[in-house]
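What follows is a group of structures, each given as structure tokens.
Next, two complexes with chain A in common: one pairs it with chain B, the other with chain C.
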Partner chain A sequence: MSTPTQTQTDTTGEEGLDRVRTLWNQYLPYWFMAPMVVVMVAITFFPGAYDLYLSLIEEPTVNVFAAEFAGLSNFEAAFARGGAIHSFIITITVVVSALALETALGFVLAALVAGVGTGRAKSFYRVLFILPMAVAPVSLATIGRIMLNSEVGIIPYLIEAWTPFAAPAFLSEMPLLTVILLDTWNWTPFMFIIFYAGLSSVPDTLIEAARVDGAPLWRRYLHVIIPYMKPVVFVAALIRMIDLFRTFGVVYGLTQGGPGTATQLVSINIYEQMFINNQVGVAAAIAIVYLVMVVALANIIIAKVGFNGVWD
Partner chain B sequence: MATTDSDPGSAQRLDKETRETLVSVARHTILLTWSFVILFPLYWLASMSLKPPGQANTLPPDWVFLPTVYNYITLIQSSEFVAAFTNSLFMVSVSVILVLLIGVPAAYVLSRYDIPMERDVLVWILSSRMLPPIAVVLPFFLIFRELNLFDSRIGMILMYVSINLSLVVWVMKAFFDGIPETLEEAARVDGATRFQAFRKIVLPAAKPGIFSVAIISFIFAWIELLFGLVLTSFEAVPVTLFVYSFIGSRSIEWGMLAAASTSMILPVAIFLIVVNKYLAAGLSFGVVIKE
Partner chain C sequence: MSEIFSRRTFLSATSASLLGSLAGCTRGGESNSTNQSQSDSANQTQLDVGAYQSADIDWQQFDGTQINVGAVQHPWVDAIQPVVPVFEELTGIDVVWNVLPENQFRTRRQTDVSTGAGQFDVFFMDQVVNQYNNEGWLQTLDQYFDDSSLYDESWYQPNDLFEASRWQAQGGDYADAWTGLPITVEVQTQFYRTDLYDEHGLEVAETFEQFRENARMIHENESDIVGTVGRGQQGYGMNIYVLNTFLRESGASLWTEFPEDSGLDTQSTINAAEWYVSLLQEFGPGGASTQSWSDVLTTMQEGRAGHIVSDANLFWPGLTGEDSSVSDNIGIAKVPRPADGEFAPNAYNWQLSTSKNASNSEQGFLFMLWATSEPTNTWMHLNNNAAFSVRQSVWENDEFRSRVGEEFAQVSLESLQAARPDPFDRKYPEWGQQYSKELQRAIAGQKSAEQAMTDAATFAEDSY
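Now for the complex of A and B:
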């Protein structure tokens, strides 16, 4: 008696499972996309909207209806009285100079390594040159503090001992340059490794044809290799630029934005307004301007240069 | 005329050989100089971590010294360091698994199906990377306080996912694009469901991509300082924040600081060397796929 009912329930259970399986497979693309879209909305639209909201109200409150509209006073406080504009200038200085240095150095190194004769020496350089990327910004700040310290640092000591020059006080007299050079040390490998891969994808026939035509080395680079590499250079520089705008750890660990406000990047300025001055609205006002600026800049570059030939 | 013509010709040929040697010498001089620039700070940090306490920062430096693991022993005995290190290891690893679970299937769909406005969707995904973390973390700080996620590992894991999701989607899409669709079609003809075709055919073929993107995601989360600084205070402190607070302390114990930094760098350096073949593909968001 009991056996038929047993099978009955079994089959319905199986049917249900089958239906789930069919649904799962039929709408597979949706299931696959959904978590990503949810997380993306949470990390792009939500912070942007919330920053904007915070920048426009007096006191931070979760209850939207209790919020007091502040107009543009937070923006005024940030940009007219606070040092926000100074921070933007500092940030752009660091981004532009580090990007230029890293691109140039990365390309030269990649070209030099690509021309090394033996395979073993080639892979030696290739592996060695990526090592600085293993150094976290905060560890790099540690290294900077240890080695550049004007009392106990090895580098000022060696400059004094081995050269006729007086050692500069890296962290107090030229903090911005020091930050740029440290970042160059840290992230030139990023450019190097992408350029190196790009260089090895240039077809040999193309270079050979130019060589047969009698083009000297620099012309081969200028007219054949660099034009061919353009998409790669552009993508690497774009990603590096985006990441440079994220710079925080190395500067905060090294100088905390000082001395004074000499290295106060926008990210540090926002952090201090928020957590030291307790000015949430002002911090949010700078944050929303920064956010819009970086996203707009990156999108203008993408639209202008176009991704055609890069990703399809 | 003929002799004067051939003479500079042979001289040029001779010159060519010497010139090649000269070029090679110049090339290696530059490359070795840069090698030194890279290695010296790393060597200095490592050697400092191996010097006995009083000797760590003496000038002129002791180039020759008896290495000791004193600093590492004290570090391991410090419960704060061990807690921060295991915290980071746990939070970053979980975040990498999570970001792969979310990102890889989505990348597969973006690669295989006709998505409306696919280009805009991809740029939108990339834009999550463009947002400065400080602008992102500010709202999350306030929300996490409300949701009791402040100073929690879950909160940190979510933030780590947020920095790597765009990378995973982009790189894996590029890898899936490189896997011929005929493989899955054959499996579908043999009766496999869509999901089975994905799991049994496509995923194994994409293994190198998944592996490299996992390691790169690990690194980007591992080196992150800001989220720890803003969103943790005690329970979920990552190792980067531990090192930072060490810098901030009034009397710096240089040897310990060097040891803490070295133990942070070493695992990442090994990872980088392991995946160095796929590094370009991963770091360029999948744009440079072959080497």
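Now for the complex of A and C:
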């Protein structure tokens, strides 16, 4: 037998539980999304916000509220003395050139391997063309420096031994081209894999129909295969473009951004400002501008080229 | 139960050893397996605690405490670790090592001092010394030198430290106090191929003109061998580390008037830069502008160069050891100078410092004192492949000279006595980096040496 107080408590408890249940059901999608949102805030929003904070203060301090506000002086220093504009130009040059080369070469290699008759030969070429991607950036830079060394490198030696031409000093006479070509060698396999998978998904019936209509090989590629592969090409190029903007290890290991600033990518500039010049604010300012630029560029490309047009 | 226990034990042991190795963190004289042989030799030739007990220092005043030492992976660490137990026995202070690769260490050090964490009681210090001091992160050592329970001048013999090492540890004109104590020093020397000298009847060059002529002779008369190699790569420890020798020998100096005149666009500096740039362009390897110290060393080891015009005397073991294909034909000499110039090779010191937020700075000072003392230095250099002592007495020690070779020891000693190191003002890392880029551009032929030095001067002066 319950007392009036107990009854009142039970009723209140049930009401509270009902309220929780209602709240749970009403915002069910948000509860499901909450863990992901927390993770995203922790790994994406917080570092970005902290970077912005660093770009607006004089020096970092243990107590974040004790730091001295610097206004936009770090941004001014980045562009006036930090060589930010120059490094942006170098980066865009590398991204555009390497992306174009890797896309074209990746597609050609994928088409050639797709056309190979036997399965065993196909497997052999697939493995062969993927190998460069497995080389770690620092290893590639170290090996590259040795192989391209004018005195002890194998590449200048072979050029001079097997051709009538004198070997150029790759890293001092043509550093930007060398960096682009090395990145192309390293990452064309990525495009090759994706394009090869894309080519495999083109229906044989479409190609057969074009062949029956008398279309030569180049027309079959131009009017049937490439249009069909547009989504694949777009996604592969977009991923590679964003990745190219993040390039650091190979170029730093190979040239340290030089001679002078001839190969100074934005990532190298940020590293130098941070770890050599100890200019934390300037490094953070360049990083913020760079982040905004890359995100904006990626979104503009998606909007203009459009997933709608590709996927619909 | 026993299975669970052993699995747990295994996991704990594995995790602990993995974490320990990842952090490079060891205690006292313990180290990884590569140092085992050194530990063995330490047991054979033990350092006597009595050598320190004659000092009028209260070594035991911090008995039972502990210090954290932040260090880069450097031969000095390998050489001193076997005798650290002697320090621990002498003082009762436990030494914990945090040894990291150089770049990782720099990042960790900056975080430690700039945030006030103060985890390192003692740590390696380099070109950023005055920047750190200016930021108020370093703790100068003068108060400890003034404390009679911590320091005994007649025992420590500070004047036995090379003047170049003392000067740099005292801030190199940019601080008026001891910013740390020097642990290693290297000095610029010239290396040459004795077989090619015999073949062409050459004599060791003392002047720029003689050196250039020797380089030309080899460059033009030997196939597949260039006249000389030298650092061209950018970086404040790369090409300008070499040029600064020639700059001072030519009568110039960095910061003729601080902070108004960097001295980089004076005629003497331009002359030195033009000499170095043209030397590498005419008689150096292709791509000289990208040659780092390791490329320079490799090219000489492979027998592809007649000289290293000027680089660290520490190259000697690499050039005369089993990695070198010309090990029997390497000579060492003082760096060349202008005919009317003064011999003044560049030198570089690593030092140990302590921060304002370190909780065991006094214990750290005792460790610095012990590590840089004559008994420790002598032991390290007689029982290891070390040749970087900051103490003149070690370079004069007959047993040491016999081990490293009379020629190397004498050239190094005379060079160290005449050395004039770089002064590292608080913005040296920033403008030094730009100065090195400008020099690299000149070596690569992107601009004239004069223009490069003028641009470097503008940047340096604008940085203040």
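Convention: the second predicted complex is superposed on the first by the 268 of 312 C-alpha atoms of A that agree within 3 Å, B and C clash if a C-alpha of one lies under 4 Å from a C-alpha of the other, contacts with A are read in each partner's own complex, and residues count from 1 in each chain.
One rule holds for everything that comes next: a residue touches a chain if its C-beta (ideal position, glycine included) is under 8 Å from a C-beta of that chain, and two chains touch if they have at least 3 such contacts.
All values reported here derive from a predicted model rather than from experimental measurement.
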Per-residue contact with chain A, leading partner among chain C and chain B: B
First (chain B), second (chain C), both or neither touched by A:L177: neither
Touched partner set for A:S139, first chain B, second chain C, both or neither: first
Partner chain in contact with A:N278 - chain B first, chain C second, else both or neither: second
Which superposed partner A:V152 touches (first chain B, second chain C, both, neither): both
Contacts of A:L128 with chain B and chain C, given as first, second, both or neither: first
Contacts of A:I302 with chain B and chain C, given as first, second, both or neither: first
Touching partner for A:I92 - first (chain B), second (chain C), both, neither: neither
Chain B versus chain C as contact partner of A:F190, first or second or both or neither: first
Which superposed partner A:I207 touches (first chain B, second chain C, both, neither): neither
Doubly contacted residues of chain A, that is, touched by chain B and again by chain C: 60, 62, 145, 152, 275
Chain C-touching residues of chain A, taken from the complex the two chains share: 59-62, 81, 145, 148-152, 156, 167-173, 175, 255-262, 272, 275-279
Residues of chain C touching chain A in the complex: 103, 106-107, 110, 114-117, 128, 131, 135, 226, 232-236, 285-290, 295, 298-299, 302, 304-305, 429-430, 433, 437-438, 440-441, 443-444, 446, 459, 462-463
Footprint of chain A on chain B - complex, ascending: 24, 27-28, 30-31, 34-35, 37-39, 41-42, 44-45, 48, 57, 59-61, 101-103, 105-106, 108-109, 113, 119, 122-136, 138-143, 146, 161-162, 165, 169, 174, 193-195, 198, 219, 222-226, 229-230, 240, 243-244, 247, 252, 254, 257-258, 261, 264-266, 268-269, 271-273, 276, 279-281, 283-288, 290-291
Touch list for chain A against partner chain B, complex: 21, 24-25, 28-29, 31-33, 35-37, 39-40, 42-44, 46-48, 50-51, 54, 60, 62, 109, 112-113, 115-117, 121, 125-139, 141-143, 145-147, 152, 154, 157, 161, 185, 190, 193-194, 196-198, 200-201, 231-232, 235-236, 239, 242-243, 245-246, 248-249, 252-253, 266-267, 270-271, 274-275, 280, 283-284, 287-288, 290-291, 294-295, 298-299, 302, 307, 310-311
